[in-house]
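Below is a structure I'd like to ask you about.
Letters A, B and C mark the chains as written, and numbering starts fresh at 1 in each.
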Amino acid sequence: MSLLHIENLKACHGLLVALHDLSFSMEPGEVLGIVGANGAGKSTLMRSIAGAHRPAQGRIMFRGQDVTRLSAHRRVRGGIALVPEGRRLFPGINVQDTLRLAACRKGIWNFDSVLEVLPQLKPILKRQAGLLSGGQQQAVAIGRALMTNPELLLLDELSLGLSPVAVEGVYEALPKLRQAGTTIILVEQDLRRAMASVTRLICMLEGRIVLSGAAGTLTREAVMDAYFGLNRQTH
Amino acid sequence: MTETYKVQRWTSRSIVSTALIAALQFALLAAPFVFSANVVDHLTTLFVYVVLAITWNALAGYGGLVSVGQQLFFGFGAYGAIRLSQAGVPVYAALALGGVGSAVLALIVSSFMLKLRAGEFAIGMWVLAALVQLLVSLDPIIQGATGTSLLALNSFAPAARRADTYWFGLVAMAGVALLLFLLLRSRLGAAMQAIRDNEEAARSVGVRVQLAKRIMFVLAALGAGMAGAVWLATSISFQPNTYFGVQWTAYMIFMTLVGGIGTFEGPILGAVLFFAVEAAFGAEGVWYLIGIGAAAVGFALLLPQGIWGWMERRYALRLLPVGYVLKLQGVDAGRQHGFARRSVPPPPAAMRISEQS
Amino acid sequence: MFWLNQILQGILLGGYYALLAAGLSFLFGVMRVINLAHGSLAVLGAFIMMVVYQALGISPLGGLLLMLPIMALLGVALQFLIIEPSLKGGALVPLLATFGLALICDNVLFSIFGADTRSFAADIGTLSYDSWNIGSLYISKLACLVFAVALLVLGGTQLLLSRTQIGRRIRATAEDEDAARLSGVDTRLIRAATTALAMVMVGLAGAALGASGSFDPYAGGPQLLYAFEAVVIGGTGSLWGTLIGGIVLGVSQGVGGAINTHLSQIAGHVVFLIVLIARLYQGGEISAYLRRLRVRFA
């Protein structure tokens, strides 16, 4: 049984169709990368899986259960956590409280183990999230999602607006999450980084999957073509 | 989009209805010669309600300012009339000047009240009304909560007084309505409708939001002040508790919400409905007030655009030309979907656009 | 000594205003809703308490303990029936809906209980007039009790918000509801709990009103004004500010009333307006001020 199974998903923003009839599955332990140009529907897909966007059609199955109509907080309790684009921290709440408030499932992740994989948070526990640097904020957002003990972790544009050094700091945590058995979907603009950190890659264009394959089997050129829609092949 | 279109202000329907309304105003002038004293009194009351409704709507519907303190201007208008009349001003002039006095008061307090945000402004106005009520009660001629009367009116014969008061009320209503109508058709009116639709967006395209709000605030005070003066002319007696009572604002909210906030015609419809409801159920006293409250809650939650707003959306109805109609050439007015894309609710056939250049 | 006594009475009265304002301030801080039915609901609480203890033949304290859970349930209903639906309609609709609710509440109370003025004073034994006298200073025990309850409510709320899981989640919901949901917070439940808590505070204020003063079905309007004045004087959204605001209001009323009885309420309103205007012209836009305070509140 696949961990996540998406079937004929369609999502809209008003009159604009953001996702067309999208389907794919994920097995436990996979790290799936999603690449695509701006407006390809990556964030809408992530938000639909997390329950922050209500799809127009289709089904989202998680661990064999239909979660399409479930509200976001119930999906979190079921084991899906999203690190949203733009981080969406609570500006007036300090780091420690931000982490603690998200604790809602039993599992390997707790306050201490989260600080172990994200050691950069230790010196800033008492500081308000709104006053942190971008890299620190991103680490807090990841920590907040981990505190919910997700089986499926959705990481949307981790490197957006961060300096290269800060990106390194954030990505250092990824292998430790994989070791812990967390399944991950990663949306990333940086193609090279995406291809290096994932087991499988999906390329999206205008709300559709135009290329999909195991990380080792795809060439950079094929992905680039799909990314820009030069060679419209379907999966 | 390359479709050609033209902008219309007057549609054939709005020409007819505007002419009819103007004609009705003139016909109403003859009412004291035709109808019984009772009917004339009732019509005067209706005028007061119409003024209250359209001016509160101007404030909340177009200016985005919810005030629960408009009784301040209602009471102050009546108080000003009493004061001026005592000072020897001819009584109807005193009544009119009382209304103007409210507008002046509004101009003064607008300099700080309008800086408050939504809910703070709402209750802040109520505090101001309570304060002015207390101050007015201290005036020796008002005699505290006992109140006083507009004695100068007693020198008129009852029939003449009734007719004069009626005409005063009619002119006050028509004047305030005309003022609002012209204001909404001016450049500033377009600005106000833009504020109604989206204040932030209006600000960002250079609409002078504060000025527009201030003008609406003063106009609303003028209307409430005139309404208070007309009310004083019909009832003669003045008690601070009654004239500065928050129930006046409750009535205004009811009329505007039921009729349709943010439309020109809606509050007039609301006033007529309120008048009818009061005539039918006013004797029920407290249950009538409960009904008014329940209707306000119900409309706010379930039909926030009110009866007129609902009809306008459904049937593209617009009797008075305060907006524009956009007509695509060769395209049925009911199907202009693709042109100016509006968000979730399907666009009304007659779209409002604002002039901002 | 006379003035010292007046100021002292004003401070104690300020405790009541702070208690009255706590619910309004809390609801506004979390929900961004100004509840125009606040005063009417406090009066409703007083009536519920009166009916409960008189009908059951128990002590007023027993009535209070039964009234608070009823108020909490009413808060949940208020949240689901009025506040939540009205928040979808923009900033104006919650004001209009809660104003309509106030109208309903006042008049339903009037239709049941009539215009009579009520008080618990006769049922609370000597507490209504017991006092400590220090020289010519006169300190009412009941006023001290109300003040202590106000401190307890404000301090307890502060602790709840800063130290408990539900408090953290209330703050998260207040700051960014979507993000809170994505962190596993059931924001509807949190909002219902917030309103329930605010209504418990309102109930306590109603009890204090009935014990130390009097109430009638139309007493809600003035109570709303006092609560609002305390909140604004103290700074919106800040709980300790609310206490200071209540005290400033109480002292101005006390001092004004000592000069002339008519001046008591006028002084309160005038001080409120002065604070308001001073704040507008000293700190620029009040919205910027609110934003600063929001951070402090959290």
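The rule is short, and it goes like this: a contact is a pair of C-beta atoms (placed from the backbone, for glycine too) under 8 Å apart; a residue touches a chain by one contact, two chains touch by 3 or more.
Not measured: the values here are computed from a predicted model.
When chain centres are defined as mean Cα coordinates, A lies farthest from subunit B.
For the criterion of most C-beta pairs in contact, the winning chain pair is B-C. In this view the innermost chain, defined by its CA centroid being closest to the centroid of all protein CA atoms, is C. Separating the CA-averaged centres of subunit A and subunit B is a span of 53 Å.
Here the spacing of subunit A and subunit C, counted between their Cα centres, is 44 Å. For this pair, subunit B with subunit C, the centres built from the Cα atoms lie 33 Å apart.
Touching two or more other chains at once is no residue of subunit A.
The touching residues of subunit C, when paired with subunit B in their complex, are 28, 33-34, 36, 82, 85-86, 89, 91-97, 99-104, 106-108, 110-111, 221-222, 224-225, 228-229, 232, 236, 262, 265-266, 269-270, 272-273, 276-277, 280, 285-287, 290. On subunit B, the positions that touch subunit C within their shared complex are 60, 64, 66, 68, 112, 115-120, 122-124, 126-128, 130-131, 134-135, 137-138, 246, 250, 253, 257, 261, 286-287, 289-290, 292-297, 300-301, 304. Those residues of subunit A lying in contact with subunit C across their complex are 50-52, 71-73, 76-77, 81-82, 84, 88-93, 97-98, 100-105, 128, 130, 144-145, 147-148.
Residues of subunit C touching subunit A in their complex: 162, 165, 168-169, 171-172, 175-176, 178-187, 294-295, 297-298.
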